[in-house]
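In what comes next, subunit A is part of two complexes: it sits with subunit B in the first one and with subunit C in the second one.
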Partner chain A sequence: MWRYVLLRLGVAVLQLAALAVVVFFLIRLLPADPVARLVGLNASPEAYAQSERALGLDRPLIQQFAAYLGLSAAAPGLLQGELGRSWVTGEPVAAELGRALPLTIEVVSLALLASLLIAIPVGLVSAAKPKGGVDRAAFVWGLFAGAQPDYWWGLLFILLFAFTLGLAPAPLGRVDPLLVPPDSITGLILMDSLLQGRFDVFLSALHYLALPVLTMVFTVSGAIVKMVRQNTARALQSEYVLYARACGLPERRVARYALRAALTPTLTLIGIFFSVLLSAAVTVERVFSLNGVGQYSVRSILDFDYPAIQGAVLAVAMVALLVYLLVDIVHALLDPRLRG
Partner chain B sequence: MRLYRTALVVVVLAACLLAGRATAERALLVLSEGVPASLDVDGPAGNHDPSQTGFLNIIEPLVDYVVGGVNDDGVQLYDFTRFAPRLAESWHYDPDTLTWTLTLRRDVKGCNGATFDADDVLYSFARAKSLSGVAPVGWFLGNVASIDGFTKALLQNTQQARAARELGDEIQKLDAYTVTIRQSAPNKLFLPALTIYGLGIYDQQTMQAHATAADPWSHGYAGSVNAPSFGPWCVERWRKEEVFAVKANPDYYRGTPYFDRVIMRAVPQSANRVGILRTGKAQFVEGLSPKEYAFLERSSGIKVSGAYLNGSLILLANWKSPPLDDPRVREALAYATPYADLVRGAYFGAAKQWHGLIPSEYPGYVRPAATYRYDPERARALLAEAGYPNGRGLEQFAEAFKLSYALDRENTLGPVATQLRTALRRVGFPVQLDPLPAVQLADRQLVKKDLPLSLYDGLTPIGVDVAYALLLSFITPPAGLNNMTNFSDPVVDEMFDKALVEPDPALRHEYLASAQEVLARRLAFLPLAEFEVRWATAPDLEGLTLHPTQSVPWYPLRLGQGAP
Partner chain C sequence: MVSTRSGASVSSRLTAVRSVAVYVGQRARHDGLFLFGLLVALTVLFLALFGELLAPYDPREATANVGMPPPPLKDWPQLAYRALTGQLDAAPHWFGTDFYGLDVFSRVISAPRTDVSIALGGALVSLLLGTGLGLVAGFYRNWATGLLVRASDVLQSFPVFITAMVLVALSGRHTGNIVLALCLVYTPIFLRLTRAEVMGQARHGYVEAARAAGVRPWIIAWRHVLPNSLVPALIQLSVTIGFAIILTAGLSFVGAGVQPPTPEWGLMISQGAGDLNYGWWWPSVFPGLAISITVLGFAALGHVLEEAFR
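Right after this comes the complex of A and B.
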């Protein structure tokens, strides 16, 4: 098992290294010069050259790459765990990602958890009673929710629940702006507020995160229901279920066996849906004024902030690879055939 | 039992008192597209609007403009012909030695308890001259104001230039509350430059406490943690792209601010800012589109205020892009533009046609003789005269008629661009829309200067002076700084040079008026409209002041009649 994990970790590191190289060179093909944003109205050739030097963009590309990797003596780089400083804020990219990433992970994890809690029972019931009321409702929901992009649903939910019914707070981030949030320990506000006994912040964060989580759950659950339903239906029609029924086992016990078989492929789906939700975070975060890694990536790209783009891509890729790795490990634990 | 009861009463009373204190606090919630990205004036965020709001409210200047009248919307305006003392209590200029003597205010305390004196001024100017920041705005303003030693030679990448970046005797401390600043030449832009945040004063004691060997001028600290100064607000909480909260400086020398706390929250979607304001949760919203302001004007319980100063919409036609270099083609563009439709359709009436190329609210503005109105027949005639009857032949210049504008300004500039394209195509110009990311647009407008045709609404000369505006946009490079259309005219250059050193106000005005006439006649760029800078607020919020940065100083804000 350890060999399998180490092998997967090695592959993940190689993937990240390749990604770092590709991103570094690809963003430099973007059709704009980031120095222009810095110098602004002070765009004399001398001032331009000064800013270019300050960013290190006056050096040959290969030297810039060496500096990015940390191979030059001047400053630490990627190999030393240093992602550089943002050209927009001047802050270390690692520190900025350290704030943005937990928020995204928090929202995406909550959304995934809620989606699974809803989708698995609904999928099972749909499979157990095809064309029943729940099955038909789930089918319509899947079509309906998937027919519009998540940001559209987000705006609609804000209009309905926040501005019309007043049930949800206005999209002002993850906590009431008038509250002073707790110190960051994990970066997850729900966790940090509990750890520091800040129940006012905890309740506020629950309230503020409800709509963005609902938006993600609403759009992604339909697809999960459909997949759980299909996997369960396939399991229910398998020979071992037929044998169990022929043996006269109670239907509840048969369903439990079928569920175990159906959940194995569903586990793989968790990894896929985590990535789906990570990409959905880009628009959902913008709509709900959440300063997560999605927002951070968009801002970085629009500002041609090379260090921030590089850092955000690596961070998101790392999270996605980690989730896939965890899923694969659990999968391998459940299914010994996969361990090779 | 009695003991328990007494204890319970005490706890309840304490809770009530604490709750009372909490509700008694005056907090202002400001919603904006973003929050300051940096408070380092020489840092990477000098051109970022929310950062300018941060600079304006945190970093105290030596000099400011005197407040003037109030417009019909209740917006406080400045009198840009007179300067008001801020950290400098008074000043005196000696033309023989080109030296300004500034007498500094005493008993001024910063947020960290530091007392302001001449060392803070010396530190701030030395920092500006060090060119240690990625975008040296302080040096730029010193150069614009002809402060001795703040030359372009400092920007060279040589040992000699690096050595010259240390502050010399051009700025001297005579005593703890008197400094002198020497100019290299007479230059009327000295005081206007001191009003701009780039030459604002940092609290050197706190800054130096956060300096490191690698960052001796504390750019990292000012860029990410705090900008210690002597202003009305102290940074309390700052999460980039999320929230910027400040609390009142109780020792502020002009008096404690009305609000105890101001919280600036980033809400990127303008529609959400509108919605939140309507719920009453926020008191101040900025950065909406003209359409959204027009909508809010009709909403009850919300006040939309605005004022004219330097909000302008221009069409930049590049002098190096044929056929836009032909004066007849440029004039045809000017006559083909439906000014009234733009004002009505894109700005919902909160704008007016701009006659001239200097903001009409600036002292020294003259309405030039050459003005343009919508006259498509005349535009067609001019095009025919230029050899393009009904636009025939212009198709070979397809690239020149790609109308660019900033993609992130789509809400505002999109409708303008669409209206303009329709009107120009009607006359025969083969215009296509080409929205670009803001950085790409800036690169081509400001650095490469190769964009043939573009719409721009961000030209805001924050030094309120005709000569400063000329220097920024119209003077021939390399002296000219930001000449986006590659315009060059020897008369304009000469008039500018004369005005810069002319001590007689009447003569100076005459020079600057002549330059303005040339700019309008030759259409250095095409002025389309001047628009109101607007904000939507709670109805009882008073004290809105329009600053040349188009940011709002929070210090004068207060709740009016009926407010708790």
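Right after this comes the complex of A and C.
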């Protein structure tokens, strides 16, 4: 088991390293001019050259790469765990990401948890009773909500629940602006407010997170239902279920065997849909003006802020890989065939 | 394609086309989902070609009416009648006008030229590239194709939306660059699907028989294995077109796609979001509805294809 975990960890680190290298060279190969973006179009050639030197963009690519990795003695780099400073704000990228990332993780995890809580029972029932009412409803839902523009549904939900019905707060951040926010311990506002016994903040944060989470659940649950249903149907058609039935085991017992076999592949869905939701966070955070890593990456990309782009991509990929890793480990614990 | 060698095969091909058409006609009559998907797909294709010509107002030119709500639904038949018989001085603003006085209806029906052609282009090129590379990678298994598969794995591990944003924003926000970004994001999916299918096909007896008969490998791959391995990719195509429309509109929604005042659904939603503050729902609701229905149509087509081939 430990060998398996170490192996998967090694692969994840390699993937992350490959990603870091590819992103570094990719953004420098694309024909963007970050210096012109920073100094403006009317800057004198001297100002342009000075800014280029300050950003280190006048040096050869390979030297820039060495500096990014932290191989040159001048400043720490990626190998020392430093992501550099943002070209726009001048702040360390790692610190900015440290503020943005928890919010995204909070929204995405809540949305995934809610989706699974809805989708797994629905998927199981619809596979157990094909062509039944639940199955038909699940089919229509999967077809309809399998692919829908989350940014538009988010707006509709705001229009309906916030502006018309007044059930949800206007989409302006993560907590009531009149409340004093709790001290940041984990950065996850729900966790922080609970740790400090601030139930008013906890409830307000839940209230503010309701619509973004609803938007994500709406656009992602259809696909999850579809996949859970497929996995369960496959398990029910398998030979060991046939065998169990042939032995005359009661249907409840057969269902229990099938359930375990159906839920293990569903675990893999957690990894897949976590990264799907991380992508969705970019547009959903925009709709609800949440300052998470999605908004951070939009800002840095539109500003041609290379260190921030590299940091954001790495952070998102690292979270996704970490979730995949955890899922794989749990999967291997449940299914001994995978340990190899 | 394989060249036609005789008149007989031309006519046999015509018969094949006719029988496909008959099949499609029959299915459309019996299967509501298929009919819906077909209608949606044909409508958006039609609008991509002619939408801008049919638009009552210039989709890029502001009118004097700012923030005008759409006429109430019960007046529509009467308005349509009077508009068609030429009794109105100016065409009605069916979907209202936005903050700049742009006619929402004209922009919604002009947008497929941007959204649908980008999505179709990206999906089709990805299909061609992905199946081609997947065929090679599945049929010839050596270090070079192994490297190709690894590279596509790395590409697939990138966060999709952020990757597309980086590619488009840094290489210039033009339609061509958006198509390229879509290709980079979607080709690995087709590659993976086709490769898996080709590897499965290669185990079949007909491949061995062709080998034994001395048919050259690339002919086996091209003429025999490829047609048998296309189904998963074709099903995926329909779904991918839908996702590509959402992604294209999403890019301009966050400001990393096509530039205003291009009539484009995502851009309209993004600008219309601001109009919600004045209580104007129509500038953002109608373009979103267009995306929603279009994507649903392609999803329905994909589902029907999947059922038909199973």
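Brief remarks on what is shown
In the analysis below, the second predicted complex is superposed on the first by the 324 of 340 C-alpha atoms of A that agree within 3 Å, B and C clash if a C-alpha of one lies under 4 Å from a C-alpha of the other, contacts with A are read in each partner's own complex, and residues count from 1 in each chain.
Here is the rule we go by: a residue touches a chain if its C-beta (ideal position, glycine included) is under 8 Å from a C-beta of that chain, and two chains touch if they have at least 3 such contacts.
Values in this document were obtained by computation on a predicted structure and should not be read as measured data.
After superposition on subunit A, the partners subunit B and subunit C collide with one another. In the superposition on chain A, A:Pro307 contacts neither subunit B nor subunit C. By the touch criterion defined above, A:Asn291 lies against subunit B but remains apart from subunit C after alignment on the C-alpha atoms of chain A.
Judged by the touch definition given at the top, the superposed model places A:Ala54 against subunit B, while subunit C stays out of reach.
In the superposition on chain A, A:Pro212 makes contact with neither subunit B nor subunit C.
Touch criterion met: A:Val88 reaches subunit B, while subunit C stays clear of it. In the superposition on chain A, A:Ala320 makes contact with subunit C only, not with subunit B.
Of the two partner chains placed by superposition, A:Pro182 touches none, neither subunit B nor subunit C. A simple residue count on subunit A separates subunit B from subunit C, and the partner touching more is B. In the superposition on chain A, A:Pro31 makes contact with both subunit B and subunit C. Using the contact criterion defined above for the overlaid structures, shared-chain residue A:Gln148 touches subunit C, although it does not reach subunit B. Overlap of the subunit B and subunit C interfaces on subunit A comprises residues 31-32, 155, 158-159, 163, 286-287, 302, 304. The touching residues of subunit B, when paired with subunit A in their complex, are 27, 29, 37-38, 40, 43-48, 131, 133-137, 140, 152, 155-157, 219-220, 223-224, 237, 239-243, 245, 263, 265-269, 271-272, 275-276, 278-279, 281, 408, 437-440, 442-448, 472, 477-478, 481-482. Within the complex, the subunit A residues that touch subunit B are 31-51, 53-55, 86-91, 95-96, 99, 155, 158-159, 162-163, 166, 170-173, 177-178, 180, 286-287, 289, 291, 295-296, 299, 302-304. Taken in their complex, subunit C has these residues touching subunit A: 33, 154, 157-163, 165-167, 169-172, 239, 242-243, 246, 249-250, 253-256, 266, 269-270, 272-273, 276, 279, 281, 284-285, 287-288, 291-292, 295-296, 299-300, 303.
Of all residues in subunit A, those touching subunit C in their complex are 15, 18-19, 22-23, 26-27, 30-32, 143-144, 146-149, 151-153, 155-156, 158-159, 163, 275, 278-280, 282-283, 286-287, 297-298, 301-302, 304, 309, 312-313, 316-317, 320-321.
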